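A, B and C label the chains in the order they appear, each numbered from 1.
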Amino acid sequence: MNDQKNPGGAHVAVAKGKPSVALLVTCLVDLFRPAVGFAAVKLLEEAGYEVKVPEQGCCGQPNYNNGDRQGARAMARGTIERFSGYDYVVVPSGSCAGMLRIHYPALFEPGSKDQQQAEDLARRTYELTSFLYDIAGVTEVQAQLSATATYHDGCAGLREMRVRDQPRALLASVGGLEIAELSEPEVCCGFGGTFCVKYPDVSDRITEKKIADIRNTGADYLLAGDLGCLLTIGGKLHRDGSTITACHVAEVLAGMAEADSDADD
Amino acid sequence: MTSRDAILTKIRNARSNAAAQIKPADDVGIHPQATPAGDLLGQFIELARAEVATVDELGTVAEVPAAVARYMEEQGLGNQLVLGPDPQLGDLDWQSIASLKCSQESPHPDGDTVITACYAAVADSGALVVVSSPDHPVELNFLPANHIVVLRRDQVLEDFERLWTQLRQDYAGKPWPRCINLIVGPSRTADLGFPPKMGAHGPGRVHILVV
Amino acid sequence: MQTTSLKFRQLASQALADETLRTALGDVERIMPVIRNSALDQLENPEAWFDRASASRDRTLAELDVYLEAFEQKVQQLGGHVHWAADGTEACEIIAGICETAGARTVTKSKSMVTEEIELNAFLESRDMTVVETDLGEYIIQLRGERPSHILAPALHVTLSEVAETFHRHHDLERAAPLREPTEMLLEARAVLRDRFLSADVGITGANFLVAETGGVVIVTNEGNADLTASLPDTHIVVTGIEKVVPTLEDAGLMLRLLARSAAGQRLSTYTTLIHGPRRAEDSSGPSNFHVVLLDNGRSDMLGTQLQEMLRCIRCSACINHCPVYTAVGGHAYGSVYSGPMGAVLTPGLAGLHAAAHLPNASTFCGRCEEVCPVRIPIPKMLRYWRDREFERRMTPRSVRYGLDWWTHMNASPRIYRSLLGIAARLLRGLSSRGWITRLPGPGRAWTRYRDMPTPAGQTFQHQWRRTRGRAGES
């Protein structure tokens, strides 16, 4: 294990010979919740990886899902180029990871150089918790959180990246944490990317049902592996005056769930 | 160009592979489910009962008239029984059961109880299989309020695949039966809410006499 | 095919406000996945059955002409007639012609989505025929002058008290006591429809499958209405899509196992019927005339395209029952006889993309439809296919197109992207109060109409990373 400083801390020396992980931080984490990115870095470094953060932008999913293949291809090419050369690419989002793993190869002409590069990236790309559990062999974390939490399976993580048991296994090792399962953990939260602003009232009804399920668990925390789901559900929980905290699973695993997220450093 | 030709041409233009032919059934890559070969009858009865059919296990076919009379009395179904044209059933000793009034006419639209034989039963789905013939007009299965079916123990098959095989053998060189009906319990509808309500257009009771 | 899909937004909003619909959809959402799962668990390894079923469907679609011609030949040998209809109008003309030849005044029908698709009832009524739907749900909505809100449970949206009221109004029950119990309503409908069955001149049914090997038409119901429709009148017309053919009885058996389980959590539907042609010389009953109308109506256009896999569909409705959008808004919002995920793919194919523009967009891409599909139709991929066509044809709203274009440009250089995110973070912080934003301008308004948005927590991740970990962490 690497001698890890706190995420806001100074430069961390990394030993030579460690496998490298490039973190694709995602737009939403980048903008709204940098702590998720630092939590991911901490977990990956503790697992013995050399973490790099290449210059990066959006993976192109909004364009891809709205029919703009050309725009999506342009962004995919940028991501492919900037994330080449690392042993692994890890994403604290099932949705953006699914974009790289499943959809990038489908964007390009079969057999083309672009497609070969997309396939190469796809093979190296993992969602964070499945990377930690399946690849890094992490089975427990040192974190503590005295609370009851429930876990929502983000759709793309679940169905595209096969993330289901890994976050639960890791969460089970968090000291003091009780997991109360939702009755329908695998039902969509209503986010759906641009869907939530294109059809806001439909989206809201779907979120409303998800929140009823969450409330029934009696949990203090709602956890998920995708910030899109968390902003959607958390935003409505706050509007409803709920005290339930929406939190990324990485923050809990890294012991950062109760940190002051407003701090600059 | 007729619509037939136009449609077929469009289909042919869309496909790239060479002319195909219907493959024999053993080439479709379907492997019958591993049904426990043991107690087929037991499995059939369990599933038929789960689908709200009632089942009475008898000894020989000669016991059928008395069992019918008993069932109809228990259920309060009156004494009118339609036998249909099937000589297998018509030849049973119905006279000895004084309480029953048997007829061979087609069922009255409502209220009647009909008894028929069947062709087979499928253990893995609880389905009775009846095939239409001059002896067994198809409407006998659907018009009556109550349908009593006589099933021989040796008629129970494991699954659909065995049924298809047996039908192919029995109807080799002959036209297929006009209607092959698989029947699982009484008629029902889910259009008036959950759970489904029994007795929609078809029989509201299906009673199986195993001989 | 008529649609009101362009009004999806408005129809969806109305549906969301309908509390009785909400209760009905809540039942679907709560009950259907549970009974489907338990029925599929009876099959050892259901996923392997899905593989077999989708392979069987693909094999059929790859050689569709062969199986259709074989089916046609078998039906003809059995003494039946096969008609080919390029579109809905031709199908309606063919069917009306058969009915007129039979001197039909009353036509009974069992539930058929294809006849909804071609709007057959209105066509026959315009030729002075009385058309009676016999599936209970379809009968209820026929009396109410509505369209189906679910492909298998067409009257899903109608409450029991509305059913009672409908029967009261249409059945001459003015002075009778109101119907209260579902069983009373069932008996009432059964009695009225029994007379219709017995007096009909022509019976029209759909088909779940056509078996090329035998010329058999497979029809599945739980009520038994299709069998009475098919066997009592002197003429039986089967109307179905060209994709419904399967090669052999084994293929049919495979589909039947999955259909009943996926559709209604049953091992097998109550009645599964295989019909081979008209009555025989020796038969005492059964229809003398037997016709099969094979409808194309846009289906062959999907063959050989990225939409071909949609033709695997066996109309089980599992995708509908598991869809978060369908279970929020119900079937009528889609404005098409085919609703939910399968409808969102099929409707643009059958009615044209212009008539169905919203439908491919009204999905969260949660992927549950593909997960539950017994023939593994990649529905999200097909919805994306339609979104791509909309974008290409400039049907995507201009604001969205410009927005995406702008986003692509902002992402052309990571430096521009980083500054943009930095500006966004500052702007959002300016709108914030106590860590939350309750009202956003512009496109963000749709978000804050229903939810709050957390304030960006300080500077962006990339900014903080570059500052704290310096260039050492970058490539």
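We take it that a contact is a pair of C-beta atoms (placed from the backbone, for glycine too) under 8 Å apart; a residue touches a chain by one contact, two chains touch by 3 or more.
What you see is a predicted model, and the numbers here were worked out from it, not measured in a lab.
With chains as nodes and touching pairs as edges, the resulting graph is an open line.
Ranked by distance of CA centroids from subunit A, the top chain is B. Spacing of subunit A relative to subunit B, judged by their CA centroids, is 55 angstrom. One finds 34 Å separating the Cα centroids of subunit A and subunit C.
Between subunit B and subunit C, the centres computed from C-alpha atoms are 30 Å apart. By the touch criterion given at the top, residues 27, 31, 43-44, 52, 55-56, 59, 62-70, 77-78, 84-86, 90, 134-137, 140, 153-155, 160, 163, 182-183, 185-187, 190-191, 193-195, 197-198, 212-216, 222-225, 227-228, 231-232, 242, 247-251, 253-254, 256-257, 264, 266-280, 282-286, 294, 296, 300-301, 303-305, 308 of subunit C touch subunit B in their complex. Considering their complex, residues 2-4, 6-8, 10-17, 19-23, 25, 28-30, 33-34, 47, 51, 85, 106, 109-110, 122, 124-127, 132-134, 137-139, 141-143, 159-161, 163-164, 167, 175-194, 196-197, 199-203 of subunit B touch subunit C. Subunit A contributes residues 8-12, 22, 25, 27, 29-38, 51-58, 60, 62-71, 74-75, 78, 82, 85-86, 155-156, 159-160, 186-188, 190-207, 209, 231-232, 234-236, 238-239, 261-265 to its touches with subunit C in the complex.
If you check the complex, the residues on subunit C that touch subunit A are 9, 12-13, 16, 29, 324-325, 328-329, 361-368, 370-371, 384, 387-392, 396, 400-401, 404-405, 407-408, 410-412, 414-415, 417-418, 421, 424-425, 428, 435-436, 438, 443-444, 446-447, 449-462, 464-465, 468-470, 472-475.
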